[in-house]
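The two complexes that follow have chain A in common; it is paired with chain B in the first and with chain C in the second.
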Partner chain A sequence: MTGVIARRLLGSLGAIFGASIIAFVIMRVLPGNPARLILGPLAPPSTVHSLYRQLGLDRPIYVQYWRYITQFFQGQWGYSYSDGAPVRTLIGERLPATIELALFAFLITMLASIVLALLVTYRRRPIADRIVRAIAYIGFGTPPFFVSLILLIVFFSTLKILPGPEGRLGAQVTPPATVTHLYTIDALIAGEPGKFLEAVEHLVLPGVALGMANFAFLVRLLRANLLEVSREPFITVVRGKGLRRWTAFRRHALPNASLPTLTAGGLVLGEFLAGSVLVEKVFNWPGVGSLVYEAILKQDFSIVQTFILLSAVMFVLVNLGVDLLYAVIDPRVRVRSVVTA
Partner chain B sequence: MGALSVLERMRGLREDRGAPAGVRAPQAATDDADGPFALSVRNLRTVYELGHATVQAVREVSFDLRPTERLGVVGESGSGKSALALSILGLIEPPGRVGGGEVLLNGRNIVGLSERQLSSIRGREIALILQDPMSALDPVKTIGAQLHEAIAVHNPQLRRSALRRRAAELLREVDIPQAERRLDDYPHQYSGGMRQRVAIAMAIANNPSVLIADEPTTALDVTTQAQVLGLLDRLVDEHRAAVILITHNLGIVSEFCDSVSVMYAGRLVESSSCEHIFLGATHPYSEALLRCVPNPERLAEGPLPAIPGFPPDLSALPGGCTFAPRCSVGRELAVCHEQTPVPELVEGPSGSAIVECHFARERAARGSR
Partner chain C sequence: MSSGLLTFAPPDGAIREVPPLGDGSRVRRALAAVLGDRRLAVPTLVLVAIVLFAIIAPLAWGVGPDTQNLLASLKAPSLAHPMGTDQLGRDIFARVAEGARISLLDGTLIAVIGAVIGGVIGLLAGTTAGASDAVLMRVMDAILAFPPLILAMAVTVGLGVGLKTAAIGATLVLIPWYARLVRSEAIRIRSLPFIEAAHAIGASRRRIIARHVVPHVMPTLAIQIAAGFAYAVLLLAGLSFLGLGAQIPTPEWGAMITDGLTYSLTGQWWVSVFPGVALLVTVTAASMLSDRLRDVLDPRSSGLRS
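And now, the complex of A and B:
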């Protein structure tokens, strides 16, 4: 067990190191002097130079990297070039919106793909199968911002059944009392079902837009996986023992198919948490994605840099969690690790 | 194939059993359908409907199995043996389906029963053992859990402690050492031979009257093969089950079975006692199969003969006898290519047989080889 964990941790550290190099290098290869960017075009050269030294930009590159990475993990993410606020505060304010959207998108994506995959594999509906494959195909090939626009045109402009791009709540609605920063959950805690519905309504379209491509990926994966597992000889054996088809499916095919699903789910959640710049932008979602979008426009690279590394860390953490869960669920991994540990 | 010669194995032929039911004429069998048979299969037909073609995996197969009789079904791979086994159990999955016929299990036709009715029969009256011990057990469930399941599904009143006791008993019965402790192991912690023992334990858990074993030892090495077969032999006797043993190893048939049916292209082309087949098979295909068994006394004569050509495409069967294109007797004969032979009851020097061959009578009289 400890062997597996150690190996996974090492792999995760490698991934984070890679992302940190990318984030770091991006900053170095961009044209222009960061000190000048921070201070603006009117600041005198001497001030620019002293900030340059203060930022450590005159030190050797590995010193700069070390300083950057240690400060990142201490939570010192520097200051926004554009308004001088700490990057940590800026991202911290936006993170709950992104997390809420990510969790919601994750929930509906997983539910939809599991239900549809079950429908076409267990119920064996060839027509449903063809429809699911078509949806998956379209979802896979369509960029999220385009899906966002279509959804808005259909459900907001035309049908008028869901709110438009106005963020997490309608303009007149005040957020529920803060506990978790997630409006849906806070509304429930505060006992305000109206606000809960309002929050969910606002989550639907961006959630679907965000989830579409991954839904396409997941439903295909689950379908193939369930088909494969349900053709395994042990399913025939189990039915030969006298289990009904559904019982055999539920007790033996689903648990075996759940392992790859878990991995895929981890990838998807990691991706959602990393945020979608374009979907958030289209829906005016006040999350990290919009923050980064604005930061890119303003050349506010300290935010972009932090975002890259932070996304990588979240992605890796989620998948590390999945790997550990995997080791707990799958006896083959569990036992092998006991043997090798 | 085992290394022993067929002749050598024949000396060990089981002699203590009555005339195998397989040789009865189909009409006679229909008459006493609720009679002494554990299993009667009548005109069973199974097809796989693939968009572009229809594979006829089992073509109007009929046979009978007495209580405690052991029938060997042999044939090249692709001849429909597994499809026959699954059809009997009602476990054919789309794109396949049973297209007709009857399966009389202890006198009751089970073709067309609902999944609920079938599931109460499977495992209790008729059980299944599959070939591959690697994939026949669920890798994420303990051996104990899988044994519990086999018992509990037909004994819902049993409590956990009783299930566990019974599961340990079963493991002991199939000679797994430290049974109690090994219940909590997972399949990958068992060797191939041990897994096959577990599969046998699950199959006999509810004392079925018929056991279908689809190549139960094919994936095992020779030593393990012999042990597993010995175990099966003992348990089948103890539990008084009739067995259909599917195999392509004629050595195993001669050791284990009372009667044998040779399957070719979805049909049983020769059914008889083991004595008849091994002393003088009537059908040219059975004869050819026997010639492919290694014989130590003749190894010096050169490589083993193989049956020339390939089995026919089951989705585009030729007219006439399906074996004709490969047959040493009928390859050139018009009658074999034009007319489909009907099953014929023939008498040979060592018993009767049902054979589908235009030359069955002459060949049987001659005693073949």
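And now, the complex of A and C:
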């Protein structure tokens, strides 16, 4: 077991190392001189040259890599080319909005996929099953930005029941007193139900858009797992012992069927990271995704580079965490890994 | 087994009879198999329709994709403009058709090139044990460390924005998928008895790989090309939507959606919705085809996505 964990840890470290090299290489092929990009077209060549040296761009490539990687892991992510602010501060300011949106999307995704998978597997419901499978298919093939657009056209332009792309709160509403930076929770703490509702209303459409692809994936996985588990002999056994259908389902079928969905954790996170850039753009959501989008437009590469490597590190760590957690929760994996190790 | 016919059970349990080998040409048999199965026929026919649309529509339609007519801007769908016109009075039908050419062509190129490069890497890794396998797969792991769209984004930002660099980014995303797939298939096949037999009668390593391993890997790889195509089209549209792929005025579907975003929210929904629907139909049909091909041809892996 320890051997398996050690190997898995080493593998993840290797992947992060490899990813950092890829990110570094991509940074190196960037068109143009970073010093020129920072200083602008009007700066004299001597200034550009001194900044070039100051940034260490005249040093050997391995020295530059070492500097780059140590600074990254020390949290020194450089400065924005466009306004000179530290990239860490910029990302820090935008992070709560993205976290709130992703948490909300995650919540409704899990809820919707469990409820719908249950609905179509608990009893035979051929029509509902077909509908759920169709939604899952279409949700998988629809890019988040198009889901956003359709939702906005239906619920904002046509029905006018949900707010449009105006960010986290309406223009006239001041954010609640800051505690967690998450507006919904802060509003509850401050005892302002009106603002809480306002924040939730603004979360619904981008949340659904961000969660759609994950929902499509999870509901298919859960449905297939539930069907498979419900045919297993141990379900017959607990039913034979006199357990009610619902109890057998809740206590035995559901936990076993939802375990494999845990392995999709990395996929879910990847979808959120990439999806946030697309969805936040549509909804003018002031999160990390739109920060990155704006940075792309302004050719502010230090922000883009940080986001890219940060995503890779998070992606690898979540995949690692999921694997280890899975081994802890599911004894079968543990036994198998001891046998094969 | 009835009267010399090869029978096997598709996943839904129904027994299907496959004509004996040698009956008609390969192509005709493949066609009969696809069209005889409703689950395969639907996505195939949809894809064929999209391909025909992409070939014929730009030739037959009188208006070009870039022809502007400011007097007829933002007109709702009508007989003259079946999908309406955009803010510059360009005919959206013509642009969606031109966009179909871009997406189909680039998506296919990306999927095929990705499959070839990934396939070669996977074959090398799967047939040589030890150091070269380890090194190749570690490089693949490093690529897989990035969420797909973000890696493609990084490549386009690094190499300079445009449809070509976006395609390079998308190809890079697909390569490790194919490499892993082919590697695991090659390892599985390598351990089968007939490879040992070929080895025993003195076939060289190169011959075994070329004549025995590769042909057995091909079907699995071919099925995944449809999935890769769907993903490539999606990635390209996503990059273009962010302004990293196709540039104005190229009528790529993702770029068209961005372009019409503000108009679509103020009543002129058709500007972005039609390219989006085209994207949705294409991607869904291709991924459905890949899933079902796998179910029908390869009963072993009624995989994750069923």
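Following the convention adopted for this analysis, the second predicted complex is superposed on the first by the 297 of 341 C-alpha atoms of A that agree within 3 Å, B and C clash if a C-alpha of one lies under 4 Å from a C-alpha of the other, contacts with A are read in each partner's own complex, and residues count from 1 in each chain.
Just so it is clear, a residue touches a chain if its C-beta (ideal position, glycine included) is under 8 Å from a C-beta of that chain, and two chains touch if they have at least 3 such contacts.
Every value quoted in this text rests on a predicted model; they were computed, and no experiment measured them.
Chemist: Once the two structures are overlaid on chain A, check if chain B and chain C clash or fit side by side.
Modeler: fit
Chemist: Please compute the chain B to chain A to chain C angle from C-alpha centroids in the superposed arrangement, rounded to the nearest 10 degrees.
Modeler: 70
Chemist: Pick one for A:L221: touches chain B only (first), chain C only (second), both, or neither.
Modeler: A:L221 contacts chain C only, not chain B.
Chemist: With the two complexes superposed on chain A, say which partner A:S157 touches: chain B (first), chain C (second), both, or neither.
Modeler: After superposition on chain A, A:S157 lies in contact with chain C alone.
Chemist: Which partner does A:A312 contact after superposing on A: first (chain B), second (chain C), both, neither?
Modeler: Only chain C; A:A312 stays clear of chain B.
Chemist: Between chain B (first) and chain C (second), which does A:G194 come into contact with in this model arrangement: first, second, both, or neither?
Modeler: It touches nothing on chain B or chain C.
Chemist: Using the superposition on chain A described above, determine whether A:R124 touches chain B (first), chain C (second), both, or neither.
Modeler: After superposition on chain A, A:R124 lies in contact with chain B alone.
Chemist: State whether chain B or chain C is in contact with more residues of chain A in the superposed arrangement.
Modeler: Of chain B and chain C, more residues of chain A lie in contact with C.
Chemist: Can you give the closest approach of chain B to chain C, taken over C-alpha atoms and in whole Å, for the superposition?
Modeler: Superposed on chain A, the two chains' closest C-alpha atoms are separated by 7 Å.
Chemist: Can you list the residues of chain A that meet both chain B and chain C?
Modeler: none
Chemist: Chain B touches which residues of chain A in the complex?
Modeler: 124, 231-234, 236-245, 251-252, 255-256, 259, 329-332, 335
Chemist: Where on chain B is chain A touching in the complex?
Modeler: 86, 89, 91, 93-94, 115-116, 119-124, 127-128, 130-132, 135-142, 149-150, 153-154, 186, 188-189, 199, 202-203, 205-206
Chemist: Quick check: in the complex, which residue numbers of chain C touch chain A?
Modeler: Counting only chain C, the residues touching chain A are 138-139, 141-151, 153-155, 157-160, 230, 234, 237-238, 241-244, 254, 257-258, 261, 264-267, 269, 272-273, 276, 279-280, 283-284, 287-288, 304-306.
Chemist: Any idea which chain A residues touch chain C in the complex?
Modeler: Per the touch definition, chain A meets chain C at residues 11, 14-19, 21-23, 26-27, 29-31, 137-138, 140-143, 145-146, 149-150, 152-153, 156-157, 164-165, 220-221, 224, 269-271, 273-274, 277-278, 281-282, 293, 296-297, 301, 304-305, 307-308, 311-312, 315-316.
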